[in-house]
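By written order: A, B, C, D, E and F. Residues from 1 in each chain.
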Amino acid sequence: MGIVVENIERADPEVIAGLAECGVATVHEAQGRSGLLASYMRPIYPGARIAGSAVTISAPPGDNWMVHVAIEQLKDGDILVLAPTSPSDAGYFGDLLATSAMARGCRGLVIDAGVRDVADLTKMGFPIWSHHVCAQGTVKETPGSVNVPVVCAGALVNPGDVIVADDDGVCVVRREAAGDVLKAAEARMANEEAKRKRLAAGELGLDIYGMRERLKEKGLKYV
Amino acid sequence: MGIVVENIERADPEVIAGLAECGVATVHEAQGRSGLLASYMRPIYPGARIAGSAVTISAPPGDNWMVHVAIEQLKDGDILVLAPTSPSDAGYFGDLLATSAMARGCRGLVIDAGVRDVADLTKMGFPIWSHHVCAQGTVKETPGSVNVPVVCAGALVNPGDVIVADDDGVCVVRREAAGDVLKAAEARMANEEAKRKRLAAGELGLDIYGMRERLKEKGLKYV
Amino acid sequence: MGIVVENIERADPEVIAGLAECGVATVHEAQGRSGLLASYMRPIYPGARIAGSAVTISAPPGDNWMVHVAIEQLKDGDILVLAPTSPSDAGYFGDLLATSAMARGCRGLVIDAGVRDVADLTKMGFPIWSHHVCAQGTVKETPGSVNVPVVCAGALVNPGDVIVADDDGVCVVRREAAGDVLKAAEARMANEEAKRKRLAAGELGLDIYGMRERLKEKGLKYV
Amino acid sequence: MGIVVENIERADPEVIAGLAECGVATVHEAQGRSGLLASYMRPIYPGARIAGSAVTISAPPGDNWMVHVAIEQLKDGDILVLAPTSPSDAGYFGDLLATSAMARGCRGLVIDAGVRDVADLTKMGFPIWSHHVCAQGTVKETPGSVNVPVVCAGALVNPGDVIVADDDGVCVVRREAAGDVLKAAEARMANEEAKRKRLAAGELGLDIYGMRERLKEKGLKYV
Amino acid sequence: MGIVVENIERADPEVIAGLAECGVATVHEAQGRSGLLASYMRPIYPGARIAGSAVTISAPPGDNWMVHVAIEQLKDGDILVLAPTSPSDAGYFGDLLATSAMARGCRGLVIDAGVRDVADLTKMGFPIWSHHVCAQGTVKETPGSVNVPVVCAGALVNPGDVIVADDDGVCVVRREAAGDVLKAAEARMANEEAKRKRLAAGELGLDIYGMRERLKEKGLKYV
Amino acid sequence: MGIVVENIERADPEVIAGLAECGVATVHEAQGRSGLLASYMRPIYPGARIAGSAVTISAPPGDNWMVHVAIEQLKDGDILVLAPTSPSDAGYFGDLLATSAMARGCRGLVIDAGVRDVADLTKMGFPIWSHHVCAQGTVKETPGSVNVPVVCAGALVNPGDVIVADDDGVCVVRREAAGDVLKAAEARMANEEAKRKRLAAGELGLDIYGMRERLKEKGLKYV
């Protein structure tokens, strides 16, 4: 009963590039603290920061057949997002699939399950955010679906939504909202830059943000 | 109902420096295997080894207001220790707060909750031991307390107690006991150095520690 | 009631070296997806890839006495495998024991419990796959056994079985089967090399593996 | 930035009653194995089986203010569904709120956080499926939203969707699809009843479902 | 290095009885939301509600020797509180120890580890709040301490502090504060009774607590 | 590559009945504290105590096809033991399979995965020890094996081994050792009965077991 949706809309590439610059924490704040995946999603190596359009995969537990199907649907700048239909720590993805995905322009993988060959994947510079690292292989027996809405690590991801991922985790931005979120995120960064200088000079947040009065009203006592 | 205790006593800076030299495993042994925080407290990057005086924070879940209050109380060589009053994986602390804390002489953060901006924090060299890494932001709505006793990751920490942290985890040393613990830790290190040489030369622990007789008494059989 | 089995059989050193080359994911596939330890077993530093003969330890919770006993039984190229009889995150093993084990030719440690001194162990280049990192020490009160079959992280390990470990986790190969598994693993690697080139050139797994027909039969629809 | 949506559509009460009869496992199968909440959602007492329309709550961690707001929106036959915006095990809900919700016709609560007063709630016969039981109280400081789409325990719940819950867990059925899912579920139950009789008489599933041939083709060997 | 403190002070028996009446959630609120043990502490059977004076045990992992020592220190109305020095799920306590503890007037056990013989313990009506149920036995090899301060399931418990436990979990009340906490808890219960009647009659919390204005100020919108 | 072993040896039915009488904690002690499954294996309802011969199932994640195959292999008094090859919380087993298994004389199920229809299974009196309760269904796509050795919840189970299960958990006894273990368990129970009387009369374990001297030698101090 699986389906593959072949034509999905994607956000503007410049907007996507801008969101990558801003990073997960800023983007997440800029869209009202929504869209974050569970904090158990960790990068296989530190230092990557990417954004791209989601090509989604709904896959049975321990079955990676749909990854092959999804790779054909990739366009330059996409990110694969895989959600298993039942928890699994099996290694759905390794260096061969990464080779294939990179050849199609894929920027990375977000998977609420396991991956393997992480030493090779690190050398190749293919970034992955996963729930597990596990050498356990998978079968190719049961179809799932590609480019349908999935719930991945607790967050709803629609095909074509923008995924932002860095060392702080993974965040999803609705495709239609990406431009507005970028504006809000850039405003936030400009604002932060000014504050960073004042804080580095030893000024206190209590004074910069004018918090002393409100803390007093709420009953904070110094003893 | 929050309070801030402004004047706390701290241990002798030379004793604190000595405890940092010894490291967590040795200090923990030297004070009778007590004071260790839960092993889920992990460093955001490897290689840091610090000691300092605890400035403690009791904060509501998902509310980092008290961190701003605590930063004003920091003196050179202090370490922030934050315990939420209910479990939370939210990111209480990021690069702006670290900039502010470093400007006040803070050596690091120990937090039984989440942090974010870990790529920037790594570049800045601000060491953190946390339960989670998570981009989820926090609010500033409910006061907590600063410099009251807290239970952080299962261990009681009083303000002014000495925190020792390295790649093995985090240990707390009572302020009044810090001098005695340092003496015991240094004796232990000297003793270990001698043993390391004999073990590196191929001598067995069974012989160095005279264990063969006692194992026989306890019924160990070779077959 | 503890016992120590002194003479165990080991696999052919060249076969062991060959298995190390292949790595965990390939070896695990080559022996029919069996023998993998639970995915919570993680390396203390990235990049190590080893294979060796298992010297097994069954130890009480929080008691590392048997590690000293096991070190005497080590031969060049062995790997220590420790399973506690009840869950424990205590640090059974640190830099002194590693110094002693290395002096006896030990290649590494696999332990379903905790280790400590990980900064020193990383500098020494002694690789460990563990369930926890924890500075909590252990006692030497109750004997266990050495070189008996143990269940470690969910997998049965017999003394003399071959352990393969890398960044993907840990796999055990039965001693008697090691030669056959190596042949199957090497065949698999040769096959993968050819596929990697085709995938890197942009060919799809769907075509290389002829999956399109079977997916259609199973009802996959493109929309 | 919180909002409350006051008028939501609900499914036909007879359809809802029919879905309660079928139970979670059957409904979940009948809609293509989708819509299940994570298996950590457990009933506070055994034996309840309910269905109703979701009134959803998105609440900050450790803040139950929105529960009061949501109770005003309840109609007879509704079920409250609460998702915190960051993980929390705090007790958001106890016997006073249950008294209020029951007075408004509420059939139960599904909450990806904690509840308390479970002895009283059991005596009152107010069924709850929760992630935690915890006496820790909450504050009323930060607004959230009522009747917006939420992701609860990994599943997307829209306001007005049908919630089915019993000892096997919790399942959500899209409001628009409820009638069709009920038909499929009833067909499934009729079919199961016939099979149950044959199985009780000792006939084998291998024969009833004609599995022997297909197992042979897949290579199963009897030895 | 273990010690046993023989004479500890206890709170007034009438105050203790009053705290049992109030239950964990009310007592925890009445003392400013402090003193709660982690929510993973669950009763072995539903329906018990007790309070008593803590006789504390600090025990090594997998070693229940100190339970025998502690039983001698019990007085009528006491509750045993056991904290292991390293995590353990072993079964420290079963029906024989319960028989002995009951003969000394003990009201129950709170243990951040495992227990066994739970079917017999249920029949005997000896209530236990534990982290695990596990048949794994323990040894009697290493002394610990009795009646020293312990951190149990994340909360500090001093000998003689009052333990309150029911189906919602476990809470500790400082011995010196027990009388004041009881007064605050009883006031809270009287207040709740009045509210319960109004809520049962269909009045809304929004009106009873006058929340509408404050929600409007915080920006809540009805749409 | 699946296999089904059709003829397995079983232990003497009277020995099996005797082991059920003794219960898990006693049997586990009597065989030297070995053979216990992980403590996360919990009964779906309290009060059952059974023993029987293991018919083992090695099954892929989320695929219950082999349960049908295994049911044909059941003889009167057997217990099904299912271990998935990769972690899964899916519901492999429900009321239809239980109807079929009971018709073949099966006494219960031990499964390191999920089950569903637990309300019906409770009414039918079919006891199950599982890792999860979950309504998520499974497929029938990939063969596994029946009556091969499996590692279930961390313990090795051979086909024909005796499974003992009650409210304390699950224990496996090697088939060849079952008679000896029963003798040791019965001796242990007789011994416990005498001690229970003395303890109920208020005598202390410290005196009955003569522990005072040994505690003194180990350095325990009364203060």
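Definition applied: contacts are C-beta pairs under 8 Å (C-beta built on N, C-alpha and C of every residue); 3 or more make two chains touch, one makes a residue touch a chain.
Because the structure is a prediction, the values reported are computed rather than measured.
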Both-way neighbours, i.e. chains that touch subunit E and touch subunit C: B, F
Distance in touch steps, counted as few as possible, from subunit A out to subunit F: 1
Subunit D and subunit C - chains in contact with each: A, B, E, F
Copy pair subunit E, subunit F: interface residue numbering same or different (half cut): different
Angle, in degrees to the nearest 5, of the Cα rotation that carries subunit B onto subunit C: 120
Computed distance of Cα centres, subunit E from subunit B, in Å: 28
Distance from the mean Cα position of subunit B to that of subunit A, given in whole angstrom: 31
Whole-Å gap between the CA centroids of subunit A and subunit E: 42
Touching two or more other chains - residues of subunit B: 1, 33, 85, 89, 136, 142
Chains that touch, pairwise: A-B, A-C, A-D, A-F, B-C, B-D, B-E, C-E, C-F, D-E, D-F, E-F
Residues of subunit C touching subunit A in the complex: 23-25, 28-29, 33, 36, 39, 42, 46-47, 49, 166-169, 171, 192, 195-196, 199-202, 204-206, 209, 211, 215, 218-223
Subunit B contact footprint on subunit E (complex, rising order): 1, 32-34, 85, 149, 151, 154-156
Subunit F partner contacts - residues on subunit E that touch it in the complex: 1-6, 45, 65, 68-69, 71-72, 89, 91, 94-97, 99-100, 102-104, 114, 116-119, 122, 132-137, 140, 142-143
Residues of subunit A that touch subunit F when the two form their complex: 60-62, 85-90, 136, 139, 141-142
